[in-house]
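In structure tokens below, several structures.
Same chain, two partners: chain A is paired with chain B first, then with chain C.
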Partner chain A sequence: MKSLSFVATMIVVAVSSTMVTAQDRGESLFNQTCVACHTVGAGRLIGPDLAGVHTRRDESWLIDMIQSAQSLIDEGDTVAEALLTEYDGFIMPDQPLSVDDIRAVLGYIALQRGDASAVDEPAVEVKLTDLLPDNIQLGQDLFVGRVRFQNGGSACIACHNLNTGDVMTGGSLARDLTDSVPRLTRFGVDAMIANPPFAPMRVAFEGKKVTEQERAAIVDYLQFVDANQDGTEAQNYGAVLLQYGLVGIAVLLGFFFLLGQRGSKETVNHTIYKRQIKTA
Partner chain B sequence: MQALETFLFIVLPYIAMVVFFVGTIYRYRVTKFKYSTLSSGFLEKRTLFWGSMPFHWGLLFLFFGHLAAFLIPSGVLAWNSEPVRLLVLEVTALVFGLSVLWGLVMLIVRRFASSRIRSVTSPMDIVIISLLLAQTILGLWSAVNFRWGSSWFAASITPYLRSILILQPEPGAIVALPLSMKLHIVGAYLIVLLIPFTRLVHLLVVPVHYLWRPYQRVIWNWKKEAIRDPKTGWTVTRPKNT
Partner chain C sequence: MDVRSQVSMLFHLDKCIGCHTCSIACKNIWTDRKGAEYMWWNNVETKPGTGYPTKWEDQDIYKGGWREEGGEISLRGAGKLRGLLNIFHNPHLPVLGDYYEPFTYKYLDLIESPEGDDQPTARPVSLITGKPIDIKMGPNWDDDLSGTPDYARQDPNLANLSPGEQEAMFQLEKMAFFYLPRICNHCLNPACVASCPSGAIYKRGEDGIVLINQKVCRAWRMCVTACPYKKSYYNWNTGKSEKCILCYPRLEAGHAPACMHSCVGRIRYLGVMLYDADRIKEIASADESELVDLQLEMLLDPFDEEVIAAAKKNGVADSTLKAAQRSPVYKFVKEWGLALPLHPEFRTLPMLFYVPPLLPVMASITEVNNTEQAEKLNPISKHWTDNWLYDTTTEELWGTIEQVRFPIKYMANMFSAGDESKVIDRLKKLMAVRIHRRGKTVGDIDETKVATTLKDVNLEADMADDIYHLTSLATFDDRFVIPPAHREQAIEMLENAGDAKGSVGFGFNERPSRGL
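Our next item is the complex of A and B:
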């Protein structure tokens, strides 16, 4: 009897610990992946408030949507298309999560007691005049890399461009951030830097978290850039790069030409070959 | 993730590495005397110079550039932290990339324009040269269109390559990259895979020791000029039918 109760206790402990683990997993996945764009009950950010989402949509639809929103839209899913229109054409990036991961996240969301209609705009309005010049400068230096991130992450300019004359043209792998603050709100930009939802950025900052102070400076700078843009189109840097490249290759070929002046220009048996062709 | 991407970014790199190691060792043991560049410098030299020099110097720079971003990503990011240095690095890499393209085009022209070279061209030569051309164009396209590749290679692609090497592949970041970059990565795996079956094996047996080998003195036992001059006749060594 004693051993039976021991076994029963062990089963209860094992089952409850599995449940706790699943719940923790859902929470940690939510905080790593979803929190940049979604809240549970604190209003909409870049994406919808997810409070009660498990009651509004089928689980299979949610799994498809989370794994690849683009595929759902391509298939002509009306709900996905409506969301795309509602959120100004901002498509949710594909998430490399397994079905079990997604179920864990949905389980975590279901446990939250959020009210979707409670708050509509969580971000506190920050006026341009409230921004400190030092912070804007720090944000710019961090953006271009002149000041390195404390934890060693790559500078923003590697992948992002800003349509401003203040800094060198940025990368074109990821989205232009000139109007990021009005588009995503300060809170949204901050959340995206803290928990990047896009895989290349997530990988780049894995173990190299951008600190709160650094994030604040970058958000200030981005807000400043947006407020000060004069509407002129950015220079097409790809074409400029190509021009530099063509000048460079001309110089390099000139160098090879000089090298080629040394030594024989024909093969050692050139005259023999010539003779063969003549007689052939 | 789709099955094709799983294959290309998780399975293919391992297939390429296994075939590369087993294939190159096997071929060295079996066909040792064909383990070379199968040089055609004796058949045609003038175009070879304009193809081979820009191609090989360009490749050397780009190879070590990619290797640096893989081995010391933090060093590359530190270098790129000053915008002017980033620009210098990117333009230099682009110049060497264009150098490879120029050289490759010259080598292709030479291979098809010269009847001698055409007759020593194998089907595998055509496969590998097409692959190299595609790879070069894709790399240049990515460098110009998705700029500052030196930085985002170090930040986002290096972790993927390392994940492959430590046998815990994490291709998430690669799947989200533009198509030209994905094709460039697949192209690289295919080239590694095909090395044992092509003349590219010569990169494993580059005679680097020539650089510090002592000079060799070649002594001819007769007076060359005398033999070559038709007026002198066979005064030095007479051909014999013995």
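Our next item is the complex of A and C:
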């Protein structure tokens, strides 16, 4: 009798947990992948508010759009093209989600009560004067890697460039972040760091989540950088470095030439060899 | 007192006949390989002569060895700053032209040439390029004073000799020369070890043999420059430097090194010496006039209780101590004081000692009136007459020593950093033994004269007999007192001998590729 009740309990637990899992999956996927650019009922960010999207578009179009917006545009889909123009040519990155995953996400969106007509709260504007110098400095330190991320993620500069004289030239693997704040809004940048929507960045920060404080510092710094752009390009070291290099080579060659002048150039047996008669 | 043991060597130059058997034995065993053809780990030079490589003794050219400045020694051509400056381009490195381009002959042409009007010849070909060459030089181009004045007259040891003294050696029909066989000296203060940037050269703890680890050598070739005796050679094929290994595989098996084993004149002796390693730096930095005395002082008495205790504390095996007590080198160098190191002024504290040659000195000294002849020659020249007698006794006992065919200065330049008294001392002892033995065997010398002779050089009669015995009658076991190598203990430091317990045979160093 005891064992029977145990089995029954187990079944109940198992069933409920699978239900919970199905529901949770949509939510966790949304939070992982979508939340950086989209809200459900909280207004538009980088991408459109997704409240009621399941009623606006049909499911197969949504699946295509999420999996690869680029190919949808390439195919000449007018809706996608319209969206692209509306959102300043910022194309939605391809998401490595299966059809099932997407359905789970859509299911999650459908469950949300928010609707398109919800209050469109404008993002809180942070003024440049509100930024703390300490925070900006921390942001710069984190960006270039002088201060390590608490959870060990790699420094931003490894892949991103900033067009500013304060820091050295960054990587060209990912997008230049100089105007990221006006382009994506503070909230958008913060969300992108928290849940990177791009595969390489997501992999790079897997299990190395950037803390909230670190994100805030970086965003502050990025805003500061944007605001302090003076419109000129950062200094291009290319030609100068080449000149330095050439001068360096000349100095080294001269040094080695002088080194080579030491010692005798003839063998000890020189006079003997010179006198010897040679055949042919 | 840091007592260590060194397998030391002694070459008795009076006995060397210059047959080069040692060089050939060494070449056949060790350096008959591609890249090693020009290496002569053992070579025999005619003195006066420029040696191999040419003028190796002239450190103004090769910058080998140590130099002393204000009681501190530093390498002449290497060391920290100078070594770094020279590491990619060493201006003092001997080049192939300083040695010679090794060659062979196309012997097959003699056999396989088609029939023709001419006799086929075997053309010389380079062992480096394989192409026919003009032979320009060889390792003994000036053997037996052959060659032009470019050779023997360029001998660096002729420095400080008056033109007359120099000329005396080269008088036609009165030429005198002796042979100088050379191997690595396995020095106590080796410049090659000090110069190696890779740390590939080391002095073996148990017997002091200086070796180059072929796996660590990175071909910087600083040792080639640093060795003042030019006994480290660069193998252009393997890209590693090599040197005399004192046939350590033979030594460990209880055999004498190949050059010593094959020596026809039986000039070579090998035995253990104990020395005080604490004093190396102090002695190597000493004033030039004291170098020889201090080096001999550093060699310790193997019978001294204190020395034995300190040696044991240092892990010197009992068998090695026993070998040190029987060491013929110890007898020649320390007990009898007959030997000197080669070029002590290089400050490497060489552990190969030489008994300076007396033989070519001892031509006729007879009462002949040759004033007429003497007027034509310089005062150093010896006068040979038809009625000459091989006589070692003169009215003035040591007169012949002072007027030897080889100017004492010349030999002092080689063996005692220019100190003539040390060479004279050795030669007098050699001569005293001879006079003593002549008195004994021929009996034509007055006994009191023999006694004064021996007394003059602080030798006892039985001591002189011992010298005579070890010089002339010594057997293999007298000449080579090789300490047991105790390889079984050395191996246990590196691997667990128990691993092979119960196995068949000795196991494999490298397993056969096709399996067992």
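Criterion: the second predicted complex is superposed on the first by the 209 of 280 C-alpha atoms of A that agree within 3 Å, B and C clash if a C-alpha of one lies under 4 Å from a C-alpha of the other, contacts with A are read in each partner's own complex, and residues count from 1 in each chain.
The rule we apply is simple: a contact is a pair of C-beta atoms (placed from the backbone, for glycine too) under 8 Å apart; a residue touches a chain by one contact, two chains touch by 3 or more.
Please read these numbers as outputs of a predicted model, since none were measured by experiment.
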Chain B versus chain C as contact partner of A:R146, first or second or both or neither:
first
What's your read, chain B or chain C touching more residues of chain A?
B
On the A-aligned overlay, A:R262 touches which partner chain: chain B = first, chain C = second, or both, or neither?
second
Taking the superposition on A as described, I'd like to know which of chain B and chain C A:P182 touches: first, second, both or neither.
neither
Given the touch rule stated above, what does A:A158 touch, chain B (first), chain C (second), both, or neither?
first
In the superposed arrangement, does A:G254 touch chain B (first), chain C (second), both or neither?
neither
Using the superposition on A, tell me which residues of chain A are in contact with chain B and, in the other complex, with chain C.
256, 259-260, 264, 267-270, 273
So in the complex, the part of chain A that touches chain B is made up of which residues?
93-94, 96, 144-146, 148, 152-155, 157-159, 167-173, 198-204, 206, 237-238, 241-242, 244-246, 248-249, 251-253, 256, 259-260, 264-270, 273
Show me the residue ranges of chain B that touch chain A in the complex, using the header's touch definition.
1, 41-46, 49-50, 53-54, 57, 74, 77-78, 80-83, 86-87, 90-92, 94-99, 102, 116, 143-149, 151-152, 154-156, 159-160, 170, 172-173, 175-178
Show which residues of chain A lie in contact with chain C when the two form their complex.
256, 259-260, 262-264, 267-273, 276, 278-279
Touching chain A in the complex: which residues of chain C?
53-55, 61, 85, 88-92, 94-98, 134, 136-137, 148, 150
